[in-house]
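Given below, in the form of structure tokens, are the structures.
Both of the next two complexes hold chain A, though its partner changes from chain B to chain C.
Let's turn to the complex of A and B:
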């Protein structure tokens, strides 16, 4: 999944979609995920990195990542694959 | 923009900066920040308690003008009295209800050196709520289905073609959402008592509301266009906070609207974006909206450009604006001497 180029993400986790005017806040984990998605990192790499950083089980991280990605889609922050 | 600064005297209406505000004060702030001309502002007010009247840092002098119901002749004669004293260069009317008179008088006023830049009477009529379905069809713009009705009995028959809820709208102002027959009848009676008949019953489009303000040169060109999403809405449906956005579809629709209609003057489009991402045009306001200062703040001084067009000066189209800039409205109590209120109430000028 890729995040749309025009989405602004600040260092403190404030996310702004200039196309819709919607804004969101994410915690540090959400910010890490968004930044990795923006860099185009693959799901496995994100899970691995978060698992190491937060010393959590990869299965838990994977489930949380899928939940997060579903929300990103719901709020139209992702780039369409086509 | 012009470099040699001319001083213009500009008359502005809509000084009612109240909870459902008129655009006048915001328009004046834009005019006073104009880079291409200097100006002095003359206020035109209908009521003695319009707050703008007492904002002496913005408005040099205010005059009462007659209500639109008094007719165009009464307005003309009052404007001529004011013109004699103040030598007006431009007039910017900001209420829907007064536009008919100002459009009708525009040629006559111009003969006396009072310029305006308003939609044509045909454009003004074509975008009336009652004519919106036809407007959408003619210009290939999605509009919600709607029907003008004259009695509450007609509501019942609409159930065959429409689903609840329905939007019950007044001819000029006011709208109410009705979830059943009883609510629709109550809204019909309340709104028709205030604004007359017909009442417009409109299909409700689920989605997110966006507004675009802009300026057309009357030749089909976009001089200005700034889209905004309301962030904080009052119980009267007015934006108390909003943010500029970059939605290309909204801008494309605006450009199409201007090109197809050759719209002349300022406007506000009220749009609804449904879940499929399709835009529906809910309303066209044929004037500057109350949130115009946001457009000024993001780089498109629409009151200034409108004035330039009115004066017949060359006016370049704005190409950019800053997205992600917000406006937050606030209420402010002014302390006013009774003598000022007395002056405007009894002499009709302050």
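Let's turn to the complex of A and C:
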């Protein structure tokens, strides 16, 4: 999954969608994920990177990542993969 | 080696400034990691999860504050512990040690009070269901019987006639105090003359000793003024009895129903900020009594059957997170090991719930479910909570009233109940149930004892 190019993500976790005018906050782990999604990183790479940075099982990270991605989709921040 | 950062599950939250929503504002800013100096983690390690915890120190301080509120305003005050609110023996005995009488509403509760060592003369027997055997026992023990209906009055008169005893009685009076709903199912109505009629029957019979008048106007009352109206009406009845028969009732029993610090469902503001204090109720009741026209030689004893307001805040329910889920509309759902089977009051209150471990400033709008495989098992429909993970511990506050009597052995078993004493030492006061505690009561007919599948 990749997030849309026009989504603005600030360094302290403020997210703005200019298409809808909606804004969001993300916590640090959420911010890390958004930045990796922007770069087009795949799930396995994101899980790997997070497990190196944070104290958590990869299974837990993977589960939370899936949930986070579902919310990104729900808020229409993702790019449609045609 | 580099230490890894603390992990918090990722969160993305839409900002909805100035938009009111039913989840309300964030309310939890600090974790609750200990109760009366005992760590929540150690309580759960020693007694399991979930576990009810009661603070003896809190019970005594609430009781003392309530007593002071009334005694500074009125010369003769007596509290009677409302057994139905929490009749665990350790709890009752704390109140009895403080000087409370017992207020019971069934033969079972009556026997419990006797077992605790309460003198029969210090037991107030309320309620619509008193069997003939219950009444005979209460009459022999000189207990104070609060008559609920005429059938009971006639039964007591018959026992009195037969046994040549003179039972000590009061009548329960229901009345319009300006609040809705009006509790007119218990006792005799004031406005339509039933109460006066019952008092005349008692006085004319000469068989009973009319010692008091009782009312209990409702539950979780938010209007102290309703108690002022009730006290005036009881005082008026007492005055009429004095005028007509030259007989003085010795006590006015205002019942209970004072609100605790809980927040009722649908309330806009937290109960801690809006509910009246015990001083507000004391001021309303004692002023009304003193301003009434009832002037016996000694002021009538003011009896209070306060339950909830004295015990609710002394009770905590500790539990754990079983799982996190996402509902179809994107809401966060968290499943706890505590459900409505243990937390009956979650049907009435939006209970305050606090994580028992450190958390960050991020919160999530959450639905809290209990562990039961039943749709009704919702602990909080909307709550803004810090991010919880599987295994995290939570503390549910203000659960001391009614939960440990109305809890259900439904799907799961009831857990341990612990009381932390005045020195901060936990004591097990009710053991958790096992499959044996349930099955020992059952019988299987011989023809149903075997099967083949």
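Please note the rule applied: the second predicted complex is superposed on the first by the 82 of 82 C-alpha atoms of A that agree within 3 Å, B and C clash if a C-alpha of one lies under 4 Å from a C-alpha of the other, contacts with A are read in each partner's own complex, and residues count from 1 in each chain.
Simple rule for what comes next: a contact is a pair of C-beta atoms (placed from the backbone, for glycine too) under 8 Å apart; a residue touches a chain by one contact, two chains touch by 3 or more.
Keep in mind the model is a prediction, meaning the values are calculated, not measured.
Student: Putting chain B and chain C onto chain A via the overlay, clash or fit?
Tutor: After superposition on chain A, which the two structures share, chain B sits beside chain C with no clash.
Student: Could you look at A:80 and tell me whether it touches chain B, chain C, both or neither (first, second, both, neither)?
Tutor: Touch status of A:80: no partner.
Student: If we overlay the two complexes on their shared chain A, which of chain B and chain C does A:19 touch? Say first, second, both or neither.
Tutor: The first partner, chain B, only.
Student: Which of the two, chain B or chain C, is in touch with more residues of chain A?
Tutor: Comparing touch counts on chain A for chain B and chain C gives C.
Student: Thinking of the overlay built on chain A, is A:6 touched by chain B (first), by chain C (second), by both, or by neither?
Tutor: first
Student: Between chain B (first) and chain C (second), which does A:30 come into contact with in this model arrangement: first, second, both, or neither?
Tutor: second
Student: Looking at A:72, would you say it contacts chain B, chain C, both, or neither? Reply first, second, both or neither.
Tutor: In the superposed model, A:72 contacts chain C only, not chain B.
Student: Smallest separation in Å between any Cα of chain B and any Cα of chain C in the superposed model?
Tutor: Once the two complexes are overlaid, chain B and chain C approach no closer than 6 Å between C-alpha atoms.
Student: Where on chain A do the contacts from chain B and from chain C line up?
Tutor: In the superposed arrangement, which is not itself an observed complex, chain A uses residues 22 for both chain B and chain C.
Student: Chain A touches which residues of chain B in the complex?
Tutor: 208, 210, 228-229, 231, 242-248, 323-324
Student: What does chain A use to touch chain C in their complex?
Tutor: On the chain A side, the touching residues are 15, 22-30, 32-34, 50, 52-56, 60-61, 64-65, 67-68, 70-72, 74-75.
Student: Spell out the part of chain A that touches chain B in their complex, as residue ranges.
Tutor: Contacts found on chain A: 6, 8, 16, 18-22.
Student: Under the definition above, what is the set of chain C residues touching chain A in their complex?
Tutor: Touching chain A: residues 3-15, 324, 326, 330, 360, 362, 387, 389 of chain C.
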